[in-house]
Every structure is written in structure tokens, then in C-alpha cells.
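Let me begin by presenting the structure, written as C-alpha cells, before commenting on it.
Letters A, B and C mark the chains as written, and numbering starts fresh at 1 in each.
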Amino acid sequence: MERSAPKVKRPIFVKTSGRGFYDITSSVAQVVSGSEVQDGLANVYIAHTSASLIISENADPDVRVDLEAFMSRLVTDGASYYKHTAEGRDDMAAHIRSCLTNVSVGIPVRDRRLALGTWQSVFLWEHRYHAHQRQVFVTVVGSV
Amino acid sequence: MERSAPKVKRPIFVKTSGRGFYDITSSVAQVVSGSEVQDGLANVYIAHTSASLIISENADPDVRVDLEAFMSRLVTDGASYYKHTAEGRDDMAAHIRSCLTNVSVGIPVRDRRLALGTWQSVFLWEHRYHAHQRQVFVTVVGSV
Amino acid sequence: MERSAPKVKRPIFVKTSGRGFYDITSSVAQVVSGSEVQDGLANVYIAHTSASLIISENADPDVRVDLEAFMSRLVTDGASYYKHTAEGRDDMAAHIRSCLTNVSVGIPVRDRRLALGTWQSVFLWEHRYHAHQRQVFVTVVGSV
């Protein structure tokens, strides 16, 4: 996996501009096609605790609108019982949202491509109000 | 991994008959034993956004009854605020349920067998009301 | 991976003393550094259905206090509608908490070290009231 090693080592940097969803599927797919793995597994990992990953529906943008509406009802920003308040109303909520979704997802690789379902995309879900630069590691393992 | 390659490449097809749990442990175990991996990792991946995967208690069926009761209380079918309504009362709820559970799970492989806990099984959780055929990919990586 | 094999095969045993969080990052890191994998993936797997894993904020202990406060509000111990009651008020709640968090997490390995974010640690979340001994499998795959 000589050729793929450098690509695999380096994280993807994703600039976010506030709470919401960012489709990173093409960046992940690029690492996979750049690796020499024919069939195996691609792990996508976000090195943060206030943004997370989901694999979800990519056809109707209203699905993400409803996902955010559900999550903001479930996890109250600045809930009165939070003790961790120093970093803003959204920070503790962001840590909870991260625990309810994913820090890490594995996706099968077949014939050097992500075997995603027809309607599946990989989204980075930014849970903080303000802009951040997020680091996402893609690791491809399997048979060359 | 020559001999295992074809098995690993092909998805498992799971016929569901409405919302509920379908134990796919034996189908996953079959792919693992059919591969040449002695010790490593088996990834189970569902290529859909309205059905998901959990690893949960397999001894008392009431656990699944209570899991469904909890989830249907948490995620309202046809909630008034959903914008994504074209595909039925259960569709947006299904996407949310999928995000709260798993699209992908990794299970350790030891001595060519899944190292599941005594009470653990792998379940496909169908979140739609109607019957579907679901595709599940099993990927086995590790030392032959 | 001769040298790493025995370490990888054997689970980590974690003694818990009631509901709460147990940082297992150093035990996981030890298996990784003991393996011969230079770059790849470390999977952490808990072989139980009433304790789970999260990767979360490790700097302010109040974050875990708030996570537990959120989860205990979301998942009622001994809810009146639970049918699975034989094993105590906390058991069904524990199975639900496990499904909402993780049984399995993948962490990238770079230069023989876990590529965790600055504020990330791996926690075992015990959901039962009483003490248990939990088995956690760490599997390291990738390029030697």
C-alpha cells in the first residue's frame, strides 16, 4: 500500500460555517480510489467531540432539516441542568449529539469504490453555532 | 483471501415484513467462517437509510418489544413538524431511527469466529411499515 | 503480526463499580503500541448489552456528569411500559442506552499510535447499578 499510505495518513480538513450538515462523500471516495485496496473497509473518523458523522438520505434536503429539528428538540441547548456551560449554550448539547450519532463509521470497499447504498451519503454534522475546521481521518484496509 | 473474496463481495439479502427486528447473526457468521481470516475484524454494513443495525440482547424477546416501544415513543411517526412527508408517516421517523442506531458495526473475529458476547446477536431493525428486501455487506479483514 | 497476535486475541477486562464512565484509553493504546501495525485501524468492542462505549470529551468531568444526566432523563429506569423487568429497574434501560451509544468503535492508527483528537478519550459507560467485570476486545488491522 505504498502509494496509498501518504493519502491515508493525512486527515481531510472540513471547514464548517455553523450547525448543519456537510456532505463529505466525495472526499472520502477520493481517498478510497487513491488507495490500492481492491476490497475491504474504509473507516471514516472525526477527531472531535462537538461534531459527528452520519450516513443518511441524500436525495431530499428536507430529511436533514427534519433531522436537525428532531435533534434540537431532543437535546436542549443550554439546558438548565448542564454543569458544563463555560464554552457556550451549544457546547454541552454538541457533546450529547455526538454521543447519539457517530464519531466513526466503517464503509465497505468493493472494486476500489465505496459500496454505499443508492441514497446514502456521508455527512459531517457540525453541532456548534460557529465556524470550525474539522479533521476527518479516512483509513482504508483490506486486500490489495 | 482468494477463496473468501467472492463471499465477502456479495451482499446478504434480508427480506423484512414490516417494522421489527431480524436476527442476522448466523448469516454474518457464515461469511466469517467462509473467509480465510483467522483473527481480525468483521464489518457489517446496511446499505439503506430507513433500516439499521444493532447488537443487542438475544435471550428475552421482551427486550426487543421494549426497544421498539421506547423508540416509537422517542421518534414520532408523522410528527407535525416533519417536512419530508412524501414517502409516508414512517419514512422520516425511519431516517431518524437509523441515525440514532447503526448503519455499520464492527465485530472482532477470533479463531475464524465472531467474538460476540454470550447474550449478543446482530439484528437488522426494519423501521418501515411495509416489507422490503435489504442489502447487508459483511467485510472480513485481518490476518489469514 | 506474530508479536501482536496474543495481545490482540486476549480481551481487556474492566472492573466497573456501578453506573458511570471508565476511561479505557490507555489500555486500548497499549494494545495498539504492542501490535506491529504502523498505519491502520483499531476496533474497540464491548462484548455486553448493558454497558457500552463512547468517545467523548476528556478535559472537563462535568461533561460526563451532564451526559449521564441527559441519558437518565431520556431513558427512564423501570419505565412502567417495560416488559423486561426480571433483571432489575436498570437492566432494560441499560439495553436501550447501549443501543443509543456504541458496542463497537473504530479508531485510526497512525505511526503505531491512536489518532485520537486532542480532547477525545475512549470511555466504557457502565449502565448497570452494580459492579461488573466487562470484556473489551481491541483488534488492530492494517499495514505492518
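The rule is simple: a contact is a pair of C-beta atoms (placed from the backbone, for glycine too) under 8 Å apart; a residue touches a chain by one contact, two chains touch by 3 or more.
No experiment lies behind these values; they were computed from the predicted model shown.
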Chains touching both chain B and chain C
A
Can we say the copies chain A and chain C touch using the same residue numbers, with more than half in common, or are the two sides different?
different
Just the number, please: Cα centre separation of chain A and chain C in whole Å.
20
Could you say which residues in chain B touch two or more other chains, in rising order?
41, 74, 100, 102, 106, 141
Please give the residue numbers of chain A that touch chain C in the complex, ascending.
1, 5, 8-9, 11, 41, 43, 45-50, 74-75, 79, 81-84, 86, 92, 95-96, 98-100, 102-104, 106, 135, 137, 139, 141
Which residues of chain C touch chain A in their complex?
39-41, 54-57, 60, 62-63, 65-67, 69-70, 74, 100-102, 105-110, 115-120, 141-143
